[in-house]
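Input: structures, listed below.
Look for chain A in each of the two complexes below; its partner is chain B in the first and chain C in the second.
Let's turn to the complex of A and B:
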């Protein structure tokens, strides 16, 4: 009796063991490389929300946070590729060259680089989100609701991503209200709550009654709440930080893309792609509209969101002029992706110069 | 843009609010340094104060517990520094740097569960008087208790060092620990207490950031303010009143450069961003260039370990 018990016990152990080994061998492991800490409640935080979605879909994930965009990145990537990861997501622009370099050394590992444009090897894909579509919606709301006609905008660094956002926001606001002015203040940081708060205060003192931001912390919406004016959330829904001030937020939603790509690796259907998704594909999400937004504006915005999603409306539809009055996009045309990707000039109506 | 007197009042108020953490941390570090101890862990102690204050506020809902808890957390972490440098006689500079790295790391670890939670509103005093007098009212009224404390602190610190016996003892310990020891003063105990006091003030400075100034927690939210506070102590030549001036200039230029950007002044933004650092150093160097006074106010044994066993 004992012997039979032991034998069956051992055999079941062996069975379990082989079963687990087989399962592990099939498992796809995904790794994520982050520029900042996952606790920034902004850019990296949202990527990590995406990673958790991958985990929830049943895949193993690893992440390394606070990786500098230098030779360190290469070292981290090599280490991840060596330790059995099948797909590696590098989530900052500056990882572009390290990603391509390491991809060459590991042809069997898939690499996914966010916001870049170099795909030098067959195992490198790139992806980014059309956040400017979200900013078109914010601009429409701001233009419709401002009373002082001065809209404040706290910007981070003068790169195409940020300039594109400022332009798209201003164009949309001008469309509903030709008298508005967008005042830009450069904070030269992605997140430093103290500095962002000071920048927002300066804009409010100068008469701005709505503030948009392209920095990551929630300090700006909190300052707006205290001052009794309106603001927009960035990267995640910031409504709970300033329930009265936040009209809506533009959320970065990486989860669906990440799950898709990891699944593709698991099924063997992964192929090289350049993805630039917007509202239509759900990579850019507009949070619930605040009740302070009047019904007519709300209706307009809902329609606009649908049209942006379907492609009926493009954020950059001509005629668009730059600050000096030169034509950038002709009437009836829309800006192509190449122009958007390298956009480094303000459109007409934005005040000031781009810091060089 | 209209420049009226109320507008100027608003700007001055913003400047004062932004200089509070610098004043608190600098005045705390000043006492530590006056006793002859160089603690480079200001940034680390501030960030520990920031997360402790925010975490306690979220967990207990009590602002009083949170503020005192943040100060206590600053005291606790500075106890590590005190034990290492005073009892085990380790190098001040290396231990202080380690304290900063440790503080940033451990605050991030504790803070994981507190990201994305809004803070509570901190009560302000004299709010009803806020519109009573143009220009002066926003400057004087409607601030948190920590704000008023910060602006009293440089004067209290100055009085303490110059006019009280304990202040004299602290200076004696910093200038000549051997003579002080021969006078029967317990050098190690005095230095311990001064380090703990510095920790408490840095903890309070951090709590001001995470609970009052921008009520939220994100990693690294002190953003280098600890290092600026540390620099202010040196450039003010260990004079609390000059710390106040330096902190106001630094906070002021940070805010004024944003205003200049918003008005559209055509000066390179990168230069404007660097301006607070440059001008604060220049001004403090100029107002403190009397070499006799520098010699008098610099703690002679700053950063040197005291070996004598009592």
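Let's turn to the complex of A and C:
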């Protein structure tokens, strides 16, 4: 009798304890605001993969997809902040001003804005990934494997993020093959399969035998597959959409960061930050290398990935010259984050001008 | 007369002589009712509780003062554009390009607002508003002039100009007008407070733009039903030949209705950028110009009807957000609802103007 009493007392204590711990640590709700549909297999898809990681870690999540960057964004944010969400991830640049505006009204809700630069209130953090590190890998593969020495690149908008990617790609390709040229077509869209396909065709007509992209749809790799040339996937592993063409993809891996930040909210350790993570922190992931990549290139790329992760190699190591031959980064130096954040000039070897 | 199943002639479709006026205004209500039923059915098939889903779609979003103010905010541009479009549609001019006229109006007024970005003054806002109306008129005059003098199809011209206007906006916000302190991101500076429409209630987003929409309702009602111009439009709408015989100056009227329509769309653009947004960027309007076509027809091209129609359509946007947040229903169902409203309206209109007769087999 006595024993049973003690046992049930202990077990109820344990139960009570786990219950309170769970209530304190896990009763945090995270919300995600997406620019596109979760099925785009690009930008939004990867953010949603990150959200699912948060769910798997035991937290409740909500998302709203297809939120335009018009006046509607502010309403969605306010509604999420108003309905018991403790942390809200806004995953497109155009949400920057609405995020900061709503953050001011809800000081107890944490806001995490992807790819922006405004942190006007203590409860706003920003985060982005060093995708250019991934592009250093792509450039190395492209430079090693091109036969025509013309590499195509479908770009979205002439902002530093995209220019930086083009530059890091071109620098890496030149390192293994000084004769290559990078031809750019500006699609002026992040996601428009039709436009992206047209851009890819134009590049193929100009002699490109490998195409890289800084837009989100799978149209480009599919065009490459049909044309019998190579391409690189963007944001998610696009291998299944073009198994022959896709050499590898640069994946956006937001899960670890999201889980980390939601946990920080739960533990009360969340603080304002500007995060810019790369391969080393696992925010940028290189997909499996295709069997079409020769063994020596493969070995080189694997080593490069390790060195980028450890910081032994930097994507922007001098000497780097711009198109006119002016020195941008001196020999032995690397570009600092300030320079990277504002990068608006092409390096030598990129063809054409940045649209103004 | 038209036969279905020509061989057997089972069904005959006959035009009705005089559709009843009561039914004319009741079919939109019927269309909304059918949309609710079909929507509930879709929710049920998707595995959601239909009544709960409809509640989150149509009641929860406007259950408080804030929600209601958001509804008015959303309905304002829709109402304004639809009023303008009704001038065109009543007179048999098919202006499909209100979205472009909105965008161009926003570009011109935004450009003016940017000129004054570091200044304050009471005179700034009126200039900015006027610029938007003029921008919309200029842009609408292109399909109007091409139609009157070169006999082009205004549907195609006005529609294709929508894409042109968005490209112009893209070019400006990416290039020459982008914020010099904004790291080249595609957006302009924020406008100064003097270029912003005043808020009606502090803390809510509802702004003075709603008065523009209400003024448009009153003025258009007066023109439609109390002026010679309104009568001319009505006659041209029924029969262009009759209008010609009556000696109406068709070309003048075409240009006039397009200008009015463009001005309204331009003002809707002004309302967005100087109201809730406060700057120019790539996404000024979530296709208000196209959605307003549904609003105009749902409101039966009647100014009062358009007020109700704009509220109904506005709630599909708000409801879609709420339903996704609270029930994880995909947000795109909002567009499905808009499509269904139009579909059911057109379907019931068909029955309004045509009778179906079952005449049996003649074999």
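Some points to look at:
Keep this in mind: the second predicted complex is superposed on the first by the 329 of 356 C-alpha atoms of A that agree within 3 Å, B and C clash if a C-alpha of one lies under 4 Å from a C-alpha of the other, contacts with A are read in each partner's own complex, and residues count from 1 in each chain.
FYI, contacts are C-beta pairs under 8 Å (C-beta built on N, C-alpha and C of every residue); 3 or more make two chains touch, one makes a residue touch a chain.
The structure displayed is predicted, hence computed values, not measured ones.
When both complexes are superposed on chain A, chain B and chain C end up clashing with one another.
Comparing chain C and chain B on the residues of chain A they touch gives the larger count to B. When both complexes are overlaid on chain A, the residue A:148 reaches neither chain B nor chain C.
By the touch criterion stated above, A:75 is placed in contact with chain C alone, chain B being left untouched. Of the two partner chains placed by the overlay, only chain B lies in contact with A:192; chain C stays clear of it.
Contacts of A:303 after superposition: neither chain B nor chain C is touched.
Of the two partner chains, neither chain B nor chain C is touched by A:272. By the touch criterion defined above, A:222 reaches chain B but does not reach chain C.
Of the two partner chains placed by superposition, only chain C is touched by A:93; chain B is not. Using the contact criterion defined above for the overlaid structures, shared-chain residue A:356 touches chain B and also reaches chain C. Once the two complexes are overlaid on the shared chain, A:206 sits against chain B while remaining clear of chain C. Of the stretches 181-189, 199-207, 217-225 or 253-261 listed for chain B, only 181-189 runs into chain C once the two complexes are overlaid on chain A.
Once both structures are placed on chain A, chain A residues 37, 188, 355-356 are touched by chain B and, in the other complex, by chain C.
Across the interface of their complex, chain A is touched by residues 1, 7, 10-11, 14, 18, 21, 108, 111-112, 115-116, 118, 209, 213-221, 223, 225, 254-255, 258-259, 261-264, 266, 268-270, 273 of chain B. Put simply, chain C touches chain A in their complex at residues 66, 70, 73, 167, 170, 174-176, 183-187, 190, 205, 272, 275-279, 281-286, 317-318, 321-322, 324-326, 328, 330-332. Against chain C, the residues of chain A that register as touching in their complex are 31, 37, 62-72, 74-76, 78-80, 83, 93-94, 97, 117, 157-160, 188, 341-342, 344, 355-356. Residues 36-42, 45, 152, 183-189, 191-199, 201-203, 205-207, 217-219, 222-223, 236, 240-242, 351-353, 355-356 of chain A are the ones touching chain B in the complex.
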